[in-house]
Amino acid sequence: MLRVQPDPFDPGMEANAFAARAAGAGAIVTFTGIVRDTDARLAAMEIEHYPGMTERAIAAMMDQARSRWSLTDALVIHRHGRLAVGETIMMVATAAPHRAHAFAAAAFLMDYLKSRAPFWKKEMGVAGTSWVAAKDDDEDALKRW
Amino acid sequence: MLRVQPDPFDPGMEANAFAARAAGAGAIVTFTGIVRDTDARLAAMEIEHYPGMTERAIAAMMDQARSRWSLTDALVIHRHGRLAVGETIMMVATAAPHRAHAFAAAAFLMDYLKSRAPFWKKEMGVAGTSWVAAKDDDEDALKRW
Amino acid sequence: MIDVLYFAWVRERIGLPRERVATTAATVAGLVAELSAREDRYALAFSDLTALRVAVDQELTTFDAPLAGVREVAFFPPMTGG
Amino acid sequence: MIDVLYFAWVRERIGLPRERVATTAATVAGLVAELSAREDRYALAFSDLTALRVAVDQELTTFDAPLAGVREVAFFPPMTGG
């Protein structure tokens, strides 16, 4: 399941609903990304996206994850728009018979979401706004898959 | 935080409470293990443990995870006693500034919990009971750390 | 006519999120050259192509991608989702 | 006197979860030899040590571990938690 939305969501409730749907899975891995204020200078974050391409790109990643690992289910929820510090940006969940598959698929989806899904983060700080720069680390992370 | 208990718990609620405590973490990974009925022959599972050593062993694993990765928090909840099919056996959660650390620490804790925490699973099947045998895969998984 | 979309700081530099462009360019690179010749704000936005990514009909591609039959081209910086 | 604990199928084969044992054995292996000599159910439980794990004072160790000053020894099959 895939949702791209401006509205907040409850990650625990989503994880429980996902687990209830994922019949036959012994292992569920979730990742949750949260707006973090590293040095107390961030007021909010604005996430821009490319409607249409976002959904296509994430659906393609999920298909790839399903083809590479034995998953009984997968979930991606990603917000866009304005988010306050401490708010949940996105979550990924994977369900599999075996834990190694659930872990690998969740890490794969995260690495691809970071660098290949059309989202752009802008930090609204106390000293102005700035676009978050892509990290070489994130690009490098794709090489392992 | 570490809990070894016979009582059921709500993994989504635990994950949300964990996220609320993990101030400063941008990345949270959870793993949930569920009693799985692979071929419709399992009625229930009984988990035996070694009180005292269980807590010591898991606390030592969590210390090791904290020393190897930058974690803002870690959580392990593991049940013992009788569990029905579909019930949650255990969960691990890790919170970190960066996703790679949260993923690695959660996978590390799972690998160690599988093979180094004193729990033993017994399957209560329609055709009798049997102790779950340790898998070579699980022992091998420790070698990567 | 092709729909050309801009995101993040590319959108801010050019000053609009999308526009319809009549072009005879054969490739994305040709379209970039045409746009850059229009006005400084375009030239500035496209001054360093290594800092940009391009999608054609909502698929990531490279600047040498052909434009024949294409409906939508989007320019944006490297993604920072997740 | 040492507390000796048994878990999982080791407990089932020996037929009790724990007992106090008076031993003069210097190592875990020596204790295993003493117990195995007692009765068939012990000999059976300890017949293949590669299938067993041992903890001394709640720390995993090996069968050559010394028993001097030890309060608690536990025998069990490989763990299957998680």
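Points worth noting:
Should a chain be cited, it is by its letter among A, B, C and D, assigned in written order, with residues numbered from 1 in that chain.
By definition in this document, contacts are C-beta pairs under 8 Å (C-beta built on N, C-alpha and C of every residue); 3 or more make two chains touch, one makes a residue touch a chain.
On a predicted model such as this, the values are computed, not experimentally measured, just so you know.
Chains touching both subunit C and subunit D: none.
The distance from the centre of subunit B to the centre of subunit C, with each centre set as the mean of the Cα atoms, comes to 48 Å. The distance from the centre of subunit B to the centre of subunit D, with each centre set as the mean of the Cα atoms, comes to 26 Å. In this assembly, the C-alpha centroid of subunit A lies 23 Å from the C-alpha centroid of subunit B. Among the residues of subunit B, those in touch with two or more other chains are 33, 99, 110, 114. Shared contact sites, meaning residues of subunit C that touch two or more other chains, fall at 82.
Chain pairs that touch one another are A-B, A-C, B-D. Residues of subunit A touching subunit B in their complex: 10-16, 19, 24-38, 88, 97, 99-100, 102-103, 106-107, 110, 114, 141. Across the interface of their complex, subunit B is touched by residues 5, 7-9, 11, 55, 58-60, 74, 76-82 of subunit D. Those residues of subunit B whose C-beta lies close enough to touch subunit D in the complex are 33, 47-50, 52-53, 56-57, 78, 89-90, 110, 113-122, 131-134, 139.
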